[in-house]
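Two complexes follow with chain A in common, the first pairing it with chain B and the second with chain C.
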Partner chain A sequence: METSRALRSTLSLKLRLLPRKKLSRSRKENAVIFLFLAICSVFMALPLVYTIVTAFKPINELFLFPPRFFVSHPTLDNFIAMNQLTQNMWVPFSRYLFNSVFVAGVGTAFYIVIASMAAFALAKYKFPGHALYFQIIVWAILFRPEVTGIPQYIIISKLGMVNTYFAVILPVLAGSFGVFLMRQFIINAIPTEMIEAARMDGATEYRIFWAVVMPIVKPAWLTLLIFTFQQFWNTTGVQYIYNENLKMLPTILQQISSAGLARAGAGSAVALVLMIPPIVIFLISQSSVMQTMAHSGLK
Partner chain B sequence: MKARLGKWFKFSLEDRRSWAGYVFILPWILGFLAFFARPLVQSFLFSIQDVKMADGGFTASFVGFDNYNYMLFKDPTFVRSLYTTAVDVLYEVPIITMFSLFIAVILNQKFRGRTFMRAVFFLPVIIASGVVIVLLKGQVFSNSFSTASNVYLFKMTGLQDLLREAGVSNGIVNYFTSTVNRIFSLTWKSGVQILLFLAGLQTISSSLYEASKMEGASGWDTFWKITLPMISPMIMLNIVYTLIDTFTEYGTENTGNTVMNAIYRTGFIDLLFGYSAAMAWIYFALIGAALALVYFIIGRKIFYAVD
Partner chain C sequence: MRGRQVRAMETGLTGLWKRVKMYKEAYFMLAPFTLLFVTFTIVPILAALYFSFTSFNMLQKPEWVGAANYTRLFFTDDVFLIAVKNTLLFAFITGPIGYLLSFMFAWFINDLGPKLRSVLTLIFYAPSLAGNVFFIWLYLFSGDAYGFANSKLMSYGIIKEPILWLTDPKYNFTIVVLVIIWLSMGAGFLAFIAGLQTVDTSLNEAGVIDGIQNRWQELWYITIPQMVPQLLFGAVMTIATSFAVGYQSMALTGFPSTDYSTHTIVLHLLDYGAIRFEMGYASAIAVVLFAGMLFVWNVLQKSLRKISD
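Let's turn to the complex of A and B:
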């Protein structure tokens, strides 16, 4: 018993060590790949750097022509100006913040559950018409809000949901991209045998979804989480909400930037603040994606 | 009576499962019908009507396909902008898809600073959506007071100044920037796709790789024989996403997609709802045709690990 276990552990150790040696690349190759990544990433990061730099520029440097990239005398003036501007507003900053966080939190949670359930059904159940539903979903991704915008407003106002959070949340829940995304993941990540096995063990369909499917496709719904949060976070809500108390955070940015160049500095300070939550969400979800893959049943 | 009830209420295992399927999909279907299907039908009705704003609402009168007629045969710009957009999409989609797959495969390797690199490649998505980008384009980067080339200015001034400050000569800077412009628009449009590919790569069971390594497969073999087939549903997803994303790119007045701008302007600024809806429907028929083509060409090559 003891020896067999020892044998097995050395064997599995070998299995783990062997391929890694074989696959390890030469240093030169690694350097080339890393250089390529580094060049691309410079392109990616530049505008962000520019925003950050601009947020710290004093007023005389903001108006330099031609504009300069770097700031020579960094200052916090823009943030102070932002603070003053938001304090003078009729609705307190915290109210906008609450609206944004509430809508983004509730909306994202609901959409992930709804889209994943629908995707699971489409990927693993053979109910009448399941192929047709899939086709509908793919075609529905085509239509951007421009097409349905005005009729959608009419429906929302008929339902009496103008000036409520529902007006912002519900239309997004009807989106089909998330369903398509989740379906494409579930179809290959979860072997049908695994679901069969869970059924044999007496799990209900509901339980299979929560305890088998969702943990395995965690990378997928964490990705969807990033997209959906991003979508809600950028919502101003102005189409459906006229009550200033219920508007979302980006309205502040619009208000400040509508004042034109004079507030370019304060504007980029607000932009910088607005960018932080999506980046944090991204970092958190990406790091837990790694953890899931290390522990999931499939690895 | 009992027997009949039994006939109605006792389902076979198969039936119960398909019911479970329906229950799972139901919430989404409800939302879809209310907030997507109905507005969509309504927008089609608009497109065959002359919709005018009136006190407390709007009036509509049936005009048949007049809107479509006008657009295709009389509107001087619409058909041309359709054509240019289609050409752009045709060459952008394959490049973006391949580029993002390449980057995703690299980012899926183990190296130091991997999470940071991933974040960097996803940044454009975070920055380039919503009001933040509008602000950046409209306010911060229009310092030169030229509005026509806002986006390129936005993308390039930073780098140009950086190079000039570093003492590189003007000619080299210009040559460099024109090359870089292309890479810029490419990398900036690939954020979502890279992330989707990455997530897809991570759901591939590592036992497949281990088995193939045991058999002595090279990295090259592994990519073509395991990674590519296993990720092929993601490739499909990404092509569809990229296609629609490039076709329906948002932009300000002078940037982005001319057709989308025309649809938006006609509907929300000129308030010609009917004509705007007709434009949208023709445009989406075009995108639909492109999608159908994609399905026809690569749809059959997709590998699904189910029966």
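Let's turn to the complex of A and C:
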């Protein structure tokens, strides 16, 4: 452990020194770019800052007219109100939290595996029909979901999946977005010779997928992790879930904030709480993406 | 897989079957996803295609009407033509700008140190991460004297009366365009960030020897050709979002907007699907939109492939 850490720190030192050998933009160009990034990031940060600030506003500041962006007397009242509301529910709050975490966790893990596996097959095997399959994957992304909701509901109810976790998980697993993303990375990052070499060594196709392909395209599936988790986390499943015990966290929290003015404070706390898990996943995934980069730089 | 070198040249069904068997692992790996994809995505899309040729109110069984929905759409529905015009304007303004900006930002951010990079990636992705956040712009562009834009402009004496930013057709289109560009650092942006990390940097050193003089040339001759798959991915995502503008304009300018000034195809679809319960007609709108997106995708695909050659 110690040695590997020491090794890693010397390596990262080397990596930090490396860019000096590379081309760079002129100092003036860099200054302009940095200024541009700084100005834009102020606008881009608005939603994050606003959600945080609002959650700490006392009720009179929430309804201040004219509205003010920043908070002048920060308070924890909103969180206390949210806590009271969630304590008094018929089904314990932890149950909703479990539902959402379970669905997001299991769903995301499954999707990354099945989507990557399909993407590998599409990217690296010239099986009959591969070109058409790929086109259909893209077409499915372009079709608007507003009109497919009803047939989807009929299928799910015919399969007897109403009021089960399946109704929330399976439609998301059926999206072709992740297959497209993974295929684009695999086709680029994995040379066919590498696969053939592994095959010569006696690896099965499944082993090649798991032990050769997946580690190399780690930045891709870590990115897919963000999208998929976010999608599951925002899923309410209101069309399919009527059983109170199986409802998702966003459904319940939206109920709190949709109860009108009286709960505007708790609602703003809810918005912040709901945003935290995707941000945590984002940060974990992005920092791992960076580590992968450090490793692949050593090749 | 051993038999792959044989490259079955036989034609006909037996030849095809041999090739299918040769790739049996590939089909096995595709199977779990395909099963779900067909059941929950492809069958509903085919059903919607069928609905587009029917009259369907979601209560009674769909009734076959042939191409009536389509002829009504193109020949008698004037609002649809406004929606098409606005959708095309939105798509051709916000699509290219959002696409180029997300690539440029990804490229700039990729040069920074690890910590700053993580933070900036998060900040730029924040509007996509935070969900329904366009309401912030309602505060900025509120039509009364207290809205941020109005109160600032009035205090500097640039305008005397508050401007109805979101209801006046002179301004609301531009504001929706701005907000959509602001929201465009999404899937494409993160794919570019990840893609820039899989780029083979050893080629950059070779490039210097070959006479590449600055970062911009390096970007154009070395980095971009290596990123064609990610660029294609970003292009599809851009088409899928920029032709589907609607929810944002509904949140900002109301529905329907003044003189349909920000009415789009997706809003037209929602109007018939979710308000008037004319599912057959709504499906026809979705099919037409789909055909338009496919056309643009085919053109883009060809031109992006050219860059890689």
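Keep this in mind: the second predicted complex is superposed on the first by the 267 of 299 C-alpha atoms of A that agree within 3 Å, B and C clash if a C-alpha of one lies under 4 Å from a C-alpha of the other, contacts with A are read in each partner's own complex, and residues count from 1 in each chain.
In this text, a contact is a pair of C-beta atoms (placed from the backbone, for glycine too) under 8 Å apart; a residue touches a chain by one contact, two chains touch by 3 or more.
Predicted, not measured: the structure shown is a model, and the values here were computed from it.
If you put the two complexes together on chain A, you find that chain B and chain C bump into each other.
Once the two complexes are laid over each other on the shared chain, residue contacts for A:Ile226 go to chain B and to chain C alike. When both complexes are overlaid on chain A, the residue A:Leu170 reaches chain B and chain C alike. When chain B and chain C are set side by side, the one touching more residues of chain A is B.
Of the two partner chains placed by superposition, only chain B is touched by A:Leu253; chain C is not. In the superposition on chain A, contact is made by A:Gln184 with both chain B and chain C. By the touch criterion defined above, A:Ile155 reaches both chain B and chain C.
Using the contact criterion defined above for the overlaid structures, shared-chain residue A:Phe127 touches chain B and also reaches chain C. Residues 22-23, 33, 36-37, 40-41, 43-48, 50-51, 65-67, 69, 114-115, 117-118, 120-122, 125-128, 130, 133, 138-144, 146-152, 155, 170-171, 173-177, 179-181, 184-185, 187-189, 205-206, 209, 217, 219-220, 222-223, 226-227, 230, 234, 275, 278-279, 282-283, 286-287, 289-290, 293 of chain A lie in contact with chain B in one complex and with chain C in the other. Residues of chain A touching chain B in their complex: 15, 18-19, 22-23, 30, 33-34, 36-37, 40-41, 43-51, 54, 62-70, 114-115, 117-118, 120-128, 130, 133, 138-144, 146-152, 154-155, 170-171, 173-177, 179-181, 184-185, 187-189, 191-192, 205-206, 209, 216-217, 219-220, 222-223, 226-227, 230-231, 233-236, 250, 253-254, 257, 260-261, 263-264, 267-268, 271, 274-275, 278-279, 282-283, 286-287, 289-290, 293, 298-299. Of all residues in chain A, those touching chain C in their complex are 21-26, 33, 36-37, 40-41, 43-48, 50-51, 65-67, 69, 114-115, 117-118, 120-122, 125-128, 130, 133, 136, 138-144, 146-152, 155-156, 170-171, 173-177, 179-181, 183-185, 187-189, 199, 204-206, 209, 217, 219-220, 222-223, 226-227, 230, 234, 275, 278-279, 282-283, 286-287, 289-290, 292-293, 296-297. Listed in rising order, the residues of chain C touching chain A in the complex are 1, 16, 19-20, 23, 25-27, 29-30, 32-34, 36-37, 39-45, 47-48, 51, 58, 105, 108-109, 114, 117-118, 120-127, 129-131, 133, 136, 139, 146-148, 151, 182, 185, 187, 190-191, 193-195, 197-198, 201, 204-205, 208, 212-216, 218, 226-230, 232-233, 236-237, 239-240, 244, 266, 269-270, 273-274, 279, 282-283, 286, 289-290, 293-294, 297.
Across the interface of their complex, chain A is touched by residues 17-25, 27-29, 31-32, 34-36, 38-43, 46, 103, 106-107, 111, 115, 117-127, 129-132, 134-136, 138-144, 154-155, 157-159, 161-162, 165, 180, 183-184, 187-188, 191-192, 195-196, 199-200, 202-203, 205-207, 209-210, 213-214, 219, 230, 233-234, 236-237, 240-241, 244, 248, 260, 263-264, 267-268, 273, 276-277, 280-281, 284, 287-288, 291, 303-307 of chain B.
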